[in-house]
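Take a look at the structures below.
In the two assemblies presented below, chain A is common to both, partnered first by chain B and then by chain C.
Our next item is the complex of A and B:
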């Protein structure tokens, strides 16, 4: 898919909650070797939201900073889409609260997106289409999550919180979307029924027929459609449910460790679900120089992938790093907590009943 | 909190919308309909004023035995912040340790969950403060 008119990123920013917990700390509580579990997943620590943080607060902060960088007035925002699988309300949009807190309401369209971990990149594509067709001048696409694994479940070692926001428009671009494509199937690898607090997953089934099949097919499709090779890109960002999957997928497709490194945040902050690719791309853009080319592929269970071919413009050197923190600065400002504080924050004490 | 009151206050809670007296220039938060200084002269002469969201800590204290709805956050830091426009607000300080806080520290408003009606009810959002570089 290629847009008729030029469309790209005018501003971006991300936010990751400050608290961290290690796999060892989690494992100790359940009588498991959390340390080697963490090593296997290549996760050293994961982010934990404070009880007063959720997808609304993470989205609002990210969008506020992204608008500051784009130098776009809130009244010029004509669309907001928030992709998440942990919207605070089951019914009542996150996007309306974010729009109000950015002072962008009421003259805009807004909606929430859900597609497991790729809801954020689905929001990218919607904004791209609306901008390129001339329906809007500026839209905000957000991917954010505060995901939870059931206490004691394997997901508890990785499920984390964070998000990033992108101002998508057609002028003063920091980076251009040159191409996008998607790959979508009906695959039952991960789900959560309405009213259930924690998700279910297909165990080993989450790997080969799910993550690897979709990420590889979608990325190869993008390479086919653009006539490009992995080595043509300066950077690549892949969905990162753990540190192992994106490294394995990258290697299999011919991408190097150096290409994916700046955007590989999961070892420090865990799996931020819908926030993972938007945050990884933001961290990569923080490192990018004019002319750099970036390949991005998200993955959402259920299942699907979206790929993007991005070219960084000369405007990237003018970016506001003064008032808006870089992703690595946000990640570096952290505080490690114990499992008991973690359990209190995640309201698990009442859940377990013990 | 009743839904109509919450909804009426969304503007001031989310964005820091106060009011300014066009007669003397004084800024108020929460917004006022009448300026206590100018009284009658300010009548129908007050305008909406959006605070920048930055200010500095005047005083602060750590709360160890909070009100029930803040139990999860205990201990937390409560501060009086003088906004750059001159108005003073009370709010939580977040993303900072108590021993790092000092009077005069620069802070910025950031949106957080302030509480909720009940697990089934509305979620209340509003501002808290966190430190920023000068």
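Our next item is the complex of A and C:
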């Protein structure tokens, strides 16, 4: 899928809650060797949202900073799409709350997306299409999650919180989307049914026939369609449910550790689901220079991948780093908590037992 | 009683076969075996299918006619045989008896299991259902914990060490590395095995066989007709079956599997062979301790000497006796109700001299040992090179 008109990123920013918990702390509660599980997953710590944080707050903060960087007024936003699998409401959009919090004009279109961990990049593609077709000038695409892991489940060691927002338009671009493509199948590797508090997963089935198949096929499709090779890119960002999967996928496809390192945030903050690729791309753009080329591939269980070919413009040097923190600064501001505090924050226990 | 020959073998890849259903696995193995024998399928008079738990693993019972139907031989009388993890071996024994008795001439015996459609925890619980549910499982005893108790007692009584247990895994992985159908065709080291995450002390993750999908099949016929078919025949010289108390705590000596001893005794008696005559054996190694006990109970080594013998390399490929040349359940994989047939396929390949890098030098006799649960049932087959 190639866009007819020029479309790209005018501004971006991310947000990660400051609380952290280690796999060891979690493992100690469940009688598991959390430390070696963490090493196996390549996760040193994961982010934990405070009781006052949810997908709305993460999205709003990210979008505010992204608009600041894009120098776009909230009244000029004509579309907002929020991708998440932890929308606060089952029925009632996150996007409208975010729009109101940003003081956006009612003259906009808005919707929530859900596609497990790739809902954020689905929002990218929607905004790209709307901008390229001339329907809108500026849209906001957000990927954010406060993901859930059942107590004691393998997911509890990685399920984290965070997100990033992108202002997508056609002028004053920091980076251009040159190409995008998707790869989608019906693959039940991870799901949460209506009314269930925690998701279920297919264990090892989430690997080869799910993550690796989709990430590899989508990335190879992008390389085929663009006639490019892995070494042509300065950076690559792959969905990161843990540290092991993206490193293995990158190696198999011929990408180096150096290419993926700036965008590999999962070892410090865990799997931020819909926020993972948007945050990884944001951290990569923080390091990018004019002319740099970035390949991005998301993955959402169920299952599908979106790939993007991105070229960074000269405008990247003018980016506002003064008033908007870089991703690494956000991640560095943290506080480690115990499992008991984590259990309270994530409402696994509640005061009064309600 | 007529003499019985195996005239065709077939096997699927063992592993996580995400894109194959149970029926596809069964059909693939069966068709490969028929092709090997040079048969079309119309000649088949009876089908036995070894399968432990399709009802729990994929919610499908009555799988023998299902496989026959989808294999294109609907109407052929077919029966599923269940005996826990010995289902495959028991199915082979039933096929043998059908041909030996003169009731049937061409019999296909297949084994298939699809274990990865359920989660790992559920698969483990299903494996544990081969224990005594009322007297073992209900009190929290899993399959692993029962074998761990057996291992611990074997260590206490005979001085078996964790190094010796680890050597079983190292050897079987080395053999699997030479087997293209193995789930884990990779070598490993003693340190890696010993430092793997603990499952049930003293058994770590690498002391345990995996959860696998896979299938295997053989075609049987009367020995007197064997040379008229395309496939190189191998003779089944004898079988022996044994039993024991269902629950481990009822047994007088948990370091000995009475079922194995009895099955082996019968098989040796019927074939007039001794353990010394056996060149190689595929033994049931669902845990490393099980292989050590098996090589003792089958008479290859004195009781208590299984560990030291393994450590000294006496069970390696082309040593004193080659044990689990396929990689065993440990490294070739454990499609649980099919393993008895996987063992038979390996033995036929060895006796035909077609095992390539893992070929035993000039073997004449191979033994198969397949047990159910913690050893409440056991079946032994002895196979001979065609002469």
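Heads up, the rule we're going with is that the second predicted complex is superposed on the first by the 348 of 354 C-alpha atoms of A that agree within 3 Å, B and C clash if a C-alpha of one lies under 4 Å from a C-alpha of the other, contacts with A are read in each partner's own complex, and residues count from 1 in each chain.
Definition applied: a contact is a pair of C-beta atoms (placed from the backbone, for glycine too) under 8 Å apart; a residue touches a chain by one contact, two chains touch by 3 or more.
Everything quoted here is computed from the prediction, not taken from an experiment.
Q: Give one of first, second, both or neither to describe whether A:183 is in contact with chain B, with chain C, with both, or with none.
A: Neither partner.
Q: Looking at chain A, does chain C or chain B touch more of its residues?
A: Residues of chain A touched, chain B against chain C: more for B.
Q: Quick one: classify A:166 as touching chain B (first), chain C (second), both or neither.
A: Neither partner.
Q: Check the residue A:36 against both partner chains and state whether it touches chain B (first), chain C (second), both, or neither.
A: In the superposition, A:36 touches chain C alone.
Q: Go through the superposed model and pick first if A:60 touches only chain B, second if only chain C, both, or neither.
A: Only chain B is touched by A:60; chain C is not.
Q: Could you tell me if A:88 is touching chain B, chain C, both of them or neither one (first, second, both, neither)?
A: In the superposition, A:88 contacts chain B only.
Q: Quick check for you: in the superposed arrangement, does A:202 touch first (chain B), second (chain C), both or neither?
A: second
Q: Touch test for A:115: chain B only (first), chain C only (second), both, or neither?
A: After superposition on chain A, A:115 lies in contact with neither partner.
Q: Regarding the shared-chain residue A:100, is it in contact with chain B (first), chain C (second), both, or neither?
A: first
Q: If you lay the two complexes on top of each other, which residues of chain A touch chain B in one and chain C in the other?
A: none
Q: Under the stated contact criterion, what part of chain A meets chain C in this complex?
A: The contact residues of chain A facing chain C are 33, 36, 202-205, 208-209.
Q: Quick check on the complex: what are the chain A residues that touch chain B?
A: Residues in contact with chain B: 18, 50-54, 56-57, 60-61, 88-89, 97, 100-101, 103, 333, 335, 344-345, 347.
Q: Which stretch or stretches of chain B touch chain A in the complex?
A: Interface residues on chain B, with respect to chain A: 10, 14-15, 50, 72-73, 92, 94-95, 97, 110-114, 123, 125, 128.
Q: In their shared complex, at which residues does chain C touch chain A?
A: Against chain A, chain C makes touches at 16, 18-19, 116, 119-120, 197.
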